[in-house]
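Just below sit the structures, each encoded as structure tokens.
After this come two complexes, each holding chain A, first together with chain B and then together with chain C.
And now, the complex of A and B:
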């Protein structure tokens, strides 16, 4: 093994002399990225680090760094694939601002992260050094150029001869290098090697045993290399909690939540980033007596779910923006026929194919208003991985109680983010009961709308005496096609009234921070953690700012106008597009605003401002903090 | 059938139903419309098979014929244009104990819903799919449908339909896992009833194209056919349909074994004569719903299983 410590930079931590014992950096939280070409396994490496850290009692938030293609060209900045893992002593609610340490399998993937401003000034870089002396002159030139650019940025760059090291154990280090890198991280963060080993074995459980064994050998090689060559360690001591925790990503939570809700049929068509829900369901749903139907298209998936719901327990369908668009007509049918239905939209960047693997919150208005004709229904958005689980129970119950369409807006950030949360205390009452098959009393109508609430009891095929035909045509309470002028007015009112009734059952949202002040930030969905972290930092600076996070978007939670009146300025922070207020041709009147901002202005008559970004990544708390600083006391648009 | 179904088998099996038990609202189709005779034959089938109205579901799309569920006293689902098959698939997947019928027009099934049609054939879920084919869009007033004959003048193609019509039987026979393909005509009620009965009894997706008169818009297409039995050839076989009562009226008969897929395709492709009968059937083809052997758990059992699932994610 080389005795030369491969170090660039002048930090004494990385002095060329091997110190007697490594220096330990004590941190309350620390962020790591692992990036490689697609297929080299940086994602597994990051995921295992995140999962094991959570199992050791750390707060964790992981975010996938995903290229759009399965196999993009190698050594290409656009092909960077991997994971960010933010590890904390306490709970971690978002991906943070920048990474403190990055492990890169080639300098081009590294360069991509640098150019996206993903690295902290002075961040530690562990870079595979094989490219430095590569046979290909072009590659050597790319390496030199990259090192020059990165060197100028002042990072602490450590060369890792991973390829060379791995050759001792495998002929093809491209498959397996990730385990060597995981070994380095295991040593750096003092991770439990038994837990790491268990994760590796689980990951390769469907392959020959020798694959896991070789991976563990490579892991140990990485550990040994780090022991010998790295003179620092990072300590993020876990703060033990007293609650049982589980750790998973948002799509896994949605799938398990659907089981906990007693749902028995999911219909879907593959679409990023929703597909992994169906992978999860496909793997386990049938063991619970459920069917996952992969339909021929998005439209059929909605139709199958509606058919199943009509005939029994509430079914659900999962999709992303383009699929939501295709399902639109069926969603209108669900509303018109008052067939319970849950649709989970894991939002990605749009419009059109947009940014398939990247987060955005741009489907809000389409989800609420996208159906031609008046189609009142329910829209809610989980804000955390934990809420992804529980929202399915809530959605199923609302769908059944109100004979309603319930759209759940998740997003790519929640879908792939991994976070520990308190283990759900399962309740039998969450599980859907068997469909009513008792005889229908003579004379009872299938839409016997209660005049006050719009609610009615649905008839389910199999119930003797309940035979009737549901129809997407305007119809009366007996489901007879409307041929007189007043029926459509009346039935529209009944469908709308249900939503008002649901709105009245909701509690006003609680405030994070003081009840009144200079600035109120309003958010929805996956941005909650970043917003609340930014607000906490701003309040530490003495700024008068609070935040409020909405779960129900349709109907909106009550009391908003009154809450807004206690703040000098109200603005939303969202991951969707809005015009800059001072952009060319943009006026106060014609400005296109963030989608929640648009909704809140219409519903409260308050001049709600917004700050939004569509960078294809989750919002950074530091960026939100800047927004708070420049808007506190400023009055803004108001 | 899975244990899920037993939950739902509560009806009184001793009861006998007559045609009157299936009478729904007064049909609003035009006088002389073929839909009327399909409705009567269907009600006759249900009575003959003694299907409890509450255990029977008719699913339709949009079009004249898709008003069908309103006029029959069973459960009905009158949905959106072209999408009856996915809804019916959802019903049957979740409730295999129900008898599911799908009623579609030619625009509904062959045009806007073509993607679902192709895949429903392959899924082979146990249901009867009736294509009521009058070769025209009637409800929206005479636009070209995919089965409209070439050169036929409509409001959307006033110089005549540009292309040869789609052949639904040929297309269906071309799809992997097709298991029952038949053609009948509403002006031959005995044949129609026998075809529907064979379709109902076939385990799997039974596709029946019913040639149908539209006296309002396309009287010249099928209107004269009842007077010209020589233009019709009956496909007869003991495993298909062979009605003695029709021998006199339809002398042109061809013995065709519905097990012979190649011959079925050849017969379907040949448009020189209108063939009625079972082109193909194979009761052994895999059915999608049967590939799903689902356990039935009580709520406490599900929770116990879920606890074990959560253990895998425990910190």
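And now, the complex of A and C:
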């Protein structure tokens, strides 16, 4: 079979006629996707491209495209698996709007992305061409239909005979085609081949050396094919800074942050998309000391973490939405016994099993209010991958200082996205020291609450003079079961006061944009990059819009009502569900709103509007920009 | 031994002593952490030398938490008096500094013509500074107030407590054979103390023989891998890496009761070599004869036992340091000397149960759990 390079569309830039003098597209940022059936390695391909680009000094944000099932049927649009990699000359803070170039291993995965409006009009498609001549008539028909649909959309389609090419080096191109495709991208983006090779070796370090060697052979084959057959290149010049950078995803950052904070035990039960935190910790704890405890279920994991913390260790637990629901009773125990505990909730779509692999921000209210009884505690939300690292230090410190439960709300977007950030300069002060074991002064009670602050000294088992009976029952200062109602009133006030005291130490949030104006967008968590990009684009259009991003959600950062008063309209932008204001049966009063919107309305008495989506993907800055355009100057629900 | 070889050997020995080193270092680290916790709990915030409140809260809190307000409202604690805090800070600084010295703490060199025991004692005394610091820290932590030794002072091994001796830092000592006078080391070999001597140049053939006593692991070898024999042994031990011609033996209490079980000899020179540089030939000959005698008795005991029970742990040949005998391969040691006197053989008859075994048997019998009792 001869190599064919039909180019659908007539863009002069992408003419395949002059491979010897490729045209170079200079771009400040460019977005690439690699998609395949699950298990064909598109994710590895995209991850290596993203990691190497970051190491070369590009700004990068990657998003995993993950099917809901572990092994979906092949050649099915619902089973598309892969990566989006947004590469920039400067910092990249979100996944952008649409893809400029997509590498697809079959036309069905490609169709899925097209139908989800993931591709830029006129995007370049590099498609594995083996299916057009497939023995199965049905597959050939599917191919033809897909090409017709994609061709009609105006994309530039380049056929890549990846399977045929790879047969020269491997009997089973399904295991290795991704490296051939990576070779094409390496050539197209002029990536450092030494870094690519090193990354391949790192990825396959636990396999036989021959796997990495064959992968590199396939990579070189892809590079050679691209040199010979593609007449364009994309230049997104890296701008290396003067600071050392590290490249990782949010779950790796959480794990590294836990180690930097001196945490000694992570108790968990496997759950997507949180599990990889424990994988990372498992490797690191072997070197630095510490335990990853995989419990028999989510409830037990919470219990182990609480028990370890009670015994004086620095412990945390990791989960996602369904696990948070299961841990609820134990979280109440941590609050009642004032046992320091950090819980990381990597949010996914819900309720129930929901969208295990997709992002949502739907756990906010459950995280703050989800415990029966009154269970005041702290909720923090990192907004970037860098913050996923640093939040662990702060969470641990707050948990121990206030003898409190601290819930850290990450999400699937942060968990699997890869971004470079400045290498943290570790500080000895971050690390949890051993608990103070000096003898307890005679007569001191285990809950000797300071009336001003609600704080009390934490006793550790074995501490001289510190023996007491710990109980989840309402109790007095000496941990004796409360038989009179006034004790419960008093102890409840003390547990609540601690959170108020923490709130008193918080600074008002800073604004992105002007201090006053037509519209204020309020966000939290992983949407920060997309919101701020949208606000920047809107401001370039002359719109009067600012944004602020909350990281302390319980207690809330102070001064919000005063800030809100300076804007004509305030609205939250979130990845959770809200009714459309004009939906059937929806009134201003009964409308179900975005979760932060609900919280802000309750706390500030400001009629905060919202715009939310639960599409199973991160928000696109372009979509937020449309919302800004339609709300700026509109007044609205203030 | 060329210096590169020497350094390589020292590094090899230090690796073999990792367990003991880590135990000592871990004790220092744990104490330092306890002192830091005390300082965090009882200092005025920001003045305890362990990091300001802002640093402790981390970068995530940087722009969001007002550290001064946080300090005012939260980090009040119950401050200890200034003297106590100062003492705790001194202890913490001393412990951190001691840990920073790394492997240097565990290596000593006897200068040519120097005194081995003095060198070892001085090195251990210096490491003992860690125990002094830990004591000072404990005093402060327990509210007994600062001592005048909070900064730590060198602490002589004889002043170490039983618990401290169990954590004794191991020591690798490089020494010329001419300076190999080991008698003074006997008093230092207690608790968990491990000493490894790397001997350079002409040396007496069996200098460590005189140190053999029931609960002390004593070994001579020319093979650097022989130091692995120290791994996992909780008690005191001394091992010398000797020149090739020296005696090779080991006395390992883990092998059982009685010298017959504990002592394995692989090689004993015929006589003290008459060479320039071998010190005190008379003492050297006495050490050699002492080893011969012990081995003769042990061999005899084994032969006696063999008449009634099949040989187990102790036969001739094999690797003495690994406690593995090579069946059917008689060593030259097995052919040493003549048969011992009958009376000595009777005293060491391994067929006779050890008194402790007899007591245990009696107790089991009383409890109805003996081999033939109970029913």
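Operating definition for what follows: the second predicted complex is superposed on the first by the 629 of 638 C-alpha atoms of A that agree within 3 Å, B and C clash if a C-alpha of one lies under 4 Å from a C-alpha of the other, contacts with A are read in each partner's own complex, and residues count from 1 in each chain.
The rule we apply is simple: a contact is a pair of C-beta atoms (placed from the backbone, for glycine too) under 8 Å apart; a residue touches a chain by one contact, two chains touch by 3 or more.
Not measured: the values here are computed from a predicted model.
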Just from the overlay, do chain B and chain C fit on chain A, or is there a clash?
-> fit
Answer with first, second, both or neither: which of chain B and chain C does A:436 touch in the superposed model?
-> second
Of chain B and chain C, which one contacts the greater number of residues in chain A?
-> B
Which superposed partner A:306 touches (first chain B, second chain C, both, neither) = first
Does the superposition put A:565 against chain B (first), chain C (second), both, or neither?
-> neither
Check: chain B-chain A-chain C angle from CA centres, nearest 10 degrees, reads 50
Now for A:71: first (chain B), second (chain C), both, or neither, which partner does it touch?
-> neither
Kindly classify A:466 by the partners it touches after superposition: chain B alone (first), chain C alone (second), both, or neither?
-> first
Where does A:424 make contact in the superposed view: on chain B (first), on chain C (second), on both, or on neither?
-> both
After superposing the two complexes, the shortest C-alpha distance between chain B and chain C, in Å, is 5
Which chain A residues contact chain B in one complex and chain C in the other?
-> 424, 428, 434-435, 437, 464
For chain B, which residues are in contact with chain A within the complex?
-> 4, 7-8, 10-11, 24-25, 52-55, 57-59, 62, 69-70, 73-80, 83, 85-95, 97-98, 115-116, 118-119, 292, 294-297, 299-300, 302-303, 305-307, 309-310, 313-315
In the complex, the residues of chain C that touch chain A are 30, 33-34, 36-38, 40-42, 50-52, 55-61, 63-66, 69-70, 73-75, 78, 141-143
Which residues of chain A touch chain B in their complex?
-> 54-55, 57, 244-248, 252, 256, 259-260, 262, 264-265, 267, 284, 286-291, 293, 295-297, 299-313, 315, 329-330, 332-333, 337, 420, 423-424, 426, 428, 431, 434-435, 437, 459, 461-473, 480-481
What residues of chain A sit close enough to touch chain C in their complex?
-> 261, 380, 382, 387, 390-391, 393-394, 397-398, 401-402, 424, 427-430, 433-439, 441, 453, 455, 457, 464, 501-502, 504-507, 509-510, 551-552, 557
